[in-house]
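Pasting the structures in now, so scroll down.
Below, subunit A partners subunit B and then partners subunit C, in two separate complexes.
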Partner chain A sequence: MSTGPASVSGGARWRSWRIVSMRSEGSSAWLLAPAALLLAVCFVAPILVVFRWSFFADGPTLEFYREIFGSTLYRTILARTLVFSLVAAVLSVVIGYPAAYFLATRPVRTRMNWLAVVLLPLWVSSLIRTYSWLILLGREGPANMALMALGLTDQPIQFLYGRGIVYAAMVQVLLPMAVTIMYAGMLSIEQTFIKAARILGASPAYAFRKVFLPLSASGITNALVICFVLSLGFFITPNLLGGPREAMISNMIDRAVNESLEWNLAAALGVVLLLVGIAVAGILAFAIRLLTSPGRMPR
Partner chain B sequence: MAGGGDAAGATDRRWGLENGSRHRGNALTGARILFSSIRKVYRRDVALSSFSLAIEAGEFVTLLGPSGSGKTTALNILAGFTAASGGTLGVDGKSILDLPPEKREIGMVFQGYSLFPHMTVAQNVAFPLALRRVAKSEIARRVGEALEMVRLGSFGARMPNELSGGQRQRVAFARAVVFRPRVLLMDEPLGALDLKLREAMQLEIKRYHAELGCTVIFVTHDQGEALALSDRIAVMTDGEIAQVGTPAEIYDRPDSQYVAEFVGRINVFPGQRRPGNRIEIPDLGLTAALPDTVAGAAAETVNMCVRPEDVEIVGPADASGMLACDATVEEAYFLGDTVSYSVALAAGRRITVEHQRRASTPIMPAGSRLRLGIRMSSAHYFPAV
Partner chain C sequence: MFRLILGTTSLALLLGGTAMADTVRVANYGGSFGDAMNKICLEPFNNSGSGHTAEQVVTDNMLAQLKIQQDTKNVVWDIAPGAEGEAYITAKTNGWLETFDWAALDPDGKLPAVAKPDHGIASSAYSSTLGIRTDKLPQGKEMKSWADFWNVAEFPGPRSLRNSPVENLEFALMADGVPAKEVYGVLRSEGGVDRAFKKLGEIKPSIVQWWTSAQQPVQGLASGELSFATSFNGRIANLKKDNVPVKIMWDGASLNTSPITIPAGAPNKEGALAFIKFCYLDPARMVELSRATGTGSLLPEVVKQFSAEEQADMPTAEQNLAVQLVIDPQFWYENRAKIQKRWEEWMLQ
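Showing the complex of A and B:
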């Protein structure tokens, strides 16, 4: 799964490598070989197998797709998966952008320290982080204990098993990723661009809107697409924190593979998820370009 | 939006924009700028200790100084990017220290050009005009005009990364002046260009200045550039101005040994003061009369300084009015129109002699013995500290 449409910055890196290597495109193509081989064996081949399973039972058939799109349950869950992933990705980017901006505008000396702080959560596996939510927010968890001790509530509050907590947990997992990706993009924006805009007459807000924001757009797109695609695959978080009513497609795939043993159905679900994911990622990239463009100038 | 409202209205009136088009060249009068005892203190450094400089309307003043002497800091304080720790700064008699950069109506060319990479050349140049709510047709006309001025009329649709260094430089210049600021700041604008292009751009900048009439503060650590371009040069050292003057004043009448050594090259002969206002120079094996200006100074040691071109290679007899001495060529540097000789004096000191040449002039090889004449009137004397 993961990085399909997300390698937006790869092009630039590749070009700069070509400058370093001073070779033409053709003769340096061998550099791609190890990655291409790995992808072919571990990614393309399994995907092809999954595609095949989704269309063949005893013979070619569309019955699994019919089952998915004919069932209200699957349609609802598919829609919910998209909405959850989209909202989680957007929240991560919106919350992460100011943090990335803060990091990117620190003096070089202190930048690394701040970055370490942002990356700290990644040292703890997301499974453990998810369980910690369960403990923290459970009926008899410290959060409720504290609230009751303070007299703010006399009944334990139902934090778990709902949308809010799923979003919170997803964003918490995605945030370091979103911040680092956008931060990396912002590093290439020179401080003098903002100075130039200011001395030419732009207020700080105008300089941000017309210069900084458009130049950080590719970072936003990368972060949004990566967060979205990662969210599509979440299943521990919705399962543990959201409960069965907030199940996502991945939970359905999990069940089809591990419980009901309908592998063809699981494959079809996987294909649907992949295609929808690619489509939405494309739309997101386009939308960000539109939203952050400096507008037609001269006006 | 900054620059809107009253400020933009005032600007438009100042340039008579409501009367429609105006001819270039007579449109501007520059602003007077007065730095008084400006200080800037960082945690570890004093970037400017007491910077005072009065700049006339329309003047081209260059800040010249070694790295870290505070040139950029002075510009940044004038532009509003850096807050001064003390002192006052006036433009046309009004203090501007409280204004944010966008309200100062100052044009600036940055060292790295800082063209917005996501906008075309035309959009870059239009940026300050769009901010000032100039009408669309007027923007198009003035962007065209500005690009014509820098000879890039047909480049409007290009992106900055499709331009050469010199072209980017010119676009940055067009963008900085298109809104007709009365003050233009340039921080080492030619630093990244090769020598040929630098010289071409120096001519261009002089032409723009004559055409636009704005006050220019130019920063460089290239002394040749400073001498060629400026009405006046302020030589800086350690956050202070060592000397201000016209290029000729700075070069011919340096106030201090620091200025003499920083602008152009100079040979230094340490000397001892002797009774009767004379100076003994052991390296030359002679004593000479001290000029009155130095005679009163307290120091016992006085350095005599002579520029390489003021040391002449003379025949055995015709050294009248000069201090004469013998020397041996150690190395000859061929520079085309001149030859620069590194020579050793009899007493051992090594000095530089610059000799004008023509195609027929032979170059003396290392080891050649020659006689030098130092013109007394061109020597500078500085009390040693």
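Showing the complex of A and C:
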């Protein structure tokens, strides 16, 4: 992933700075070398091996791709993975946006404290966070006990092993990421732009919609794409909290790698997931740019 | 793919360690079992002056690791962890395992034949059993068979089975009235697998959890999320020690041996054999290991060391052996791929 909090582009970017940075790009390219080398060895090379496995068994073949696209099983699970990831990413961004706005508009002194609160969950491993749902929402867990004590239900509600809890747990894992990414984007938005809009007679809502929202769009895009891509690889959450109807593609890859030793098939599944993921992420980014484009406002 | 990358990274980390010639790398699944192995076998072995030092390597998957070590010709294990079910046959058939010279290892014939496959040692056994929360049973009733487990009207309550056709097809046939000894005969016959799937269809709506890791059903039994769930006998017995009102159903449980093996081309085969002799062929150590992990020894002299009460929860106690199904890894080796696909599709419905 090339996108990340560090590369989030802000609103105020001065033309002169851009020219300077472009001129010096060639001479400072070596700064990229350590990261590029690391990625080439640890990321690009293994992915090339995976690509090879997916196309070669005894000779070149498309049989693994034929198996994937020819079976209802893999098509269903692939579609499900995309839907789950999209829904979880959208939920995280929608829920996280107001929180990010809140953070970004705090005075500098208290901002860090709020940020720490948002980041706190990241200190706990996602495995433990997933397990805590099992305890919290179990048939004899505190949530059901409270509901029954309040007389809202006389039978424990089956929260676990369903779709709702998988979404809840996915969003819980993704939320701190979504918030911090959008927050970083919002920090670079000049508050004076909003003030200017207000002085020119825009209502707070209009100023937000026409000025702040478009300027925070790149943050939204980054958060959405990163949450989506992270969700595609979710493995523990659907495994522990969902039922077979929540199994995602990574669970199938796990089965193929570890149990049936169908590594070529697993590689092909990985390649399909990668390519479909890139395509959907691209479409997402494009759609957001279109939706939040400020129209006649100069950029 | 993420898992693959993780796998290769951990492998790279393993390779990064210094492989000393006299180190015996003993791989196992870690957890409480790994702790017990460490205390009962590894530490005493290292203090025994054998000239070898055993070192524990934790893995969560035996077969994939074994394959990659063979494919890359970079064998980092001297002893592989127990091979579950058909995994042993897969590994053996692919030539990934060293053969065992039993005449040299066990000249006095201390071990029964079942413990001595050609490419490993299966000195102990475990069972896939049903764990029953006794406090969740209807007043005055006992769940005694798979037919009872299938009887949702008489025994209501949330249930859990493993997300795998292996053993579940067998349990279903027994629920359908097939005696344990005839299960594989029926499965191999025309329509046998269909019959098992049909029976599984009856129980499917009542299965709230299809587990993939053996700790899931155990955790569910402990929290009360589940009333009846399959898991491995040792883990259910551990719940009992934690005072969870739970009972093991031995009738129709599935007895497994999982041979401990030496990967082909292991860097320290001599050390591996010394360790196996020290650990798995020593009755005193097997008693301790059995007590700590709940696995049942296949050495009759070891089983005799336990009290009647302890033997009641032991897979290899005489009375439990008599009522169990013995899993047939050969059947699964031949049919797993086809049945697995059908299972996954059945799960989608």
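Operating definition for what follows: the second predicted complex is superposed on the first by the 272 of 299 C-alpha atoms of A that agree within 3 Å, B and C clash if a C-alpha of one lies under 4 Å from a C-alpha of the other, contacts with A are read in each partner's own complex, and residues count from 1 in each chain.
Note that in this section a contact is a pair of C-beta atoms (placed from the backbone, for glycine too) under 8 Å apart; a residue touches a chain by one contact, two chains touch by 3 or more.
None of the values given here were measured: they were computed from a predicted structure.
Steric overlap between subunit B and subunit C is absent once the structures are superposed on subunit A; the two fit side by side.
Measuring from the middle, so to speak, at the Cα centre of subunit A, the directions to subunit B and subunit C differ by 150 degrees in steps of 10.
In the superposition on chain A, contact is made by A:260 with subunit C only, not with subunit B.
Look at A:215: by the touch rule set out above, it reaches subunit B but stays clear of subunit C. With both structures placed on the common chain, the touch criterion links A:72 to subunit C but leaves subunit B unconnected. In the superposition on chain A, contact of A:109 is made with neither subunit B nor subunit C.
In the superposition on chain A, A:206 contacts subunit B only, with no contact to subunit C. After overlaying the two complexes on the shared chain, residue contacts for A:198 are found with subunit B alone; subunit C is out of touch.
Of the two partner chains placed around the shared chain by superposition, subunit C is the only one that A:245 touches, whereas subunit B remains out of contact. Taking subunit A as the reference, the larger set of touched residues comes from C, when subunit B and subunit C are compared.
The gap separating subunit B from subunit C at its narrowest, counted between C-alpha atoms of the superposed chains, is 38 angstrom. Residues of subunit A that touch subunit C in their complex: 42, 46, 50, 72-73, 76-77, 134-135, 138-141, 158, 160-161, 233, 235, 239-240, 243-245, 247, 250-255, 257-261, 263, 266-267, 269-270, 273-274. For subunit C in complex with subunit A, the touching residues are 1-5, 7-9, 61, 63-64, 67, 90, 158, 163, 208-210, 212-213, 216, 219, 223-225, 336-337, 340-341, 344-345, 347-348. Subunit A contributes residues 190, 192-193, 195-203, 206, 210-211, 214-215, 294, 297-299 to its touches with subunit B in the complex.
Put simply, subunit B touches subunit A in their complex at residues 1-3, 79-81, 100-102, 104-108, 110, 112, 114, 116-119, 122-123, 126-132, 136, 139-140, 143, 175-176, 179.
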